[in-house]
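Everything on this sheet refers to the single structure shown next.
Just so it is clear, A, B, C, D, E and F label the chains in written order, and each chain counts residues from 1 on its own.
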Amino acid sequence: MPLVTIKIIEGRTKEQKRGMAKDVTEAIVKNIGCPETAVTIDIIEMKPENVSQAGKLFSDNPPR
Amino acid sequence: MPLVTIKIIEGRTKEQKRGMAKDVTEAIVKNIGCPETAVTIDIIEMKPENVSQAGKLFSDNPPR
Amino acid sequence: MPLVTIKIIEGRTKEQKRGMAKDVTEAIVKNIGCPETAVTIDIIEMKPENVSQAGKLFSDNPPR
Amino acid sequence: MPLVTIKIIEGRTKEQKRGMAKDVTEAIVKNIGCPETAVTIDIIEMKPENVSQAGKLFSDNPPR
Amino acid sequence: MPLVTIKIIEGRTKEQKRGMAKDVTEAIVKNIGCPETAVTIDIIEMKPENVSQAGKLFSDNPPR
Amino acid sequence: MPLVTIKIIEGRTKEQKRGMAKDVTEAIVKNIGCPETAVTIDIIEMKPENVSQAGKLFSDNPPR
């Protein structure tokens, strides 16, 4: 702990995930003062038909 | 926020998800009084072998 | 299953939660076709200082 | 309720999941004193590129 | 990872949590074959007015 | 979306949360390329008796 879950729309590259994991970990360590090794992140990739905002699926009505 | 996560067994149609997203959003707005645009829903689809009740996988012992 | 988690800002009344639980359950049953007894909902109440949007805590910058 | 979510790296067999579901359910019933039927477990399988520890993806730097 | 989240109704003793954490960890290690140190568990305690089944709050209609 | 959940041990100041929310949001925007307004973060504060690693509660065996 800290345990971080990040839900994003699917389709990001491994390079993007690598950078995000590194930078989010640093952002938490900087502010919380925990050791870097304590930070676990999991990324949940969502299909656009499995997310809605304002009652509309992203696959029908993609956010801009 | 409100943020809603709905875990369901996989296999529902996009039409079912579309209706569920619309109706769940309305149900929350009606009771909480938040703006519709504040409601985000994500749907996590589960394989029957990844869910258990009473210690038995749904794939072994599907609920009726 | 379906399992539903709803994160809301703290401070809603029991009456609001009661109505939301009833109406969200109906919205899911109507669209998914599962028995009502299969729908479990849990509500997580958040303090405004524990939620941020666009990098700003709700307690500093409440959403309108 | 109890509701249990278990995130594991993908690739376990159905036999492993079956055993884990049975044994985790028993462990909870033994300590909490709830009926076995009240325990629902869902398993989320993660790709190694979607998990990081200490800022490094498991796919780059698998844990030993 | 494995990361485990257990949602239970509030009011269990520290002794019950201690036993549950130990036994659930053992149940996972036995079946998954991961090192014990890899298993993190977090327990989320729920108020009965924040959980519903079949559209009814536990506080109104406690499960037997 | 992105939706971020961060579980931390309780006791951090509002100033720490404010900084963490700002910096984690920036880390995600930088790597994913989404608008800042799309990033929602919720922070779940855990009591040490509700977290375990290697089968031991943090309240019994605090991590160093």
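Following the convention adopted for this analysis, a residue touches a chain if its C-beta (ideal position, glycine included) is under 8 Å from a C-beta of that chain, and two chains touch if they have at least 3 such contacts.
This is a predicted model, so every value here is computed, not measured.
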Fewest touching-chain hops separating subunit B from subunit F: 1
Set of chains whose contacts include both subunit F and subunit D: A, B, C, E
Subunit D omitted: connectivity of the other chains: one piece
Most remote chain, CA-based centroid, reference being subunit D: C
Angular offset of subunit A relative to subunit C [C-alpha, multiple of 5 degrees]: 180
Classification of the subunit A:subunit E interface as same or different, half of numbers criterion: same
Which listed pair, C-D, A-D or C-E, duplicates the contacts of B-F in over half of its pairs: C-D
Farthest chain (mean CA position) relative to subunit A: E
Whole-Å separation of chain centres (CA-atom averages), subunit B against subunit C: 12
Centre-to-centre distance between subunit D and subunit B (centres being mean Cα positions), rounded to whole Å: 20
Interface hub residues of subunit D, defined as touching at least two other chains: 1, 3, 7, 17, 26, 40, 42, 44, 46, 51, 53
Those chain pairs that satisfy the touch definition: A-B, A-D, A-E, A-F, B-C, B-D, B-F, C-D, C-E, C-F, D-E, E-F
Sites on subunit C touched by subunit F in the complex: 7, 44, 46, 49-57, 59-60
For the subunit E and subunit A complex, residues of the former touching the latter: 1, 3, 40, 42
Contacting residues of subunit B [partner subunit A, same complex]: 14, 17-18, 21-22, 25-26, 36-37, 39-45
Residues of subunit E touching subunit D in the complex: 1-9, 12, 16-17, 19-20, 23-24, 26-28, 30-32, 38, 46, 51, 53, 58, 63
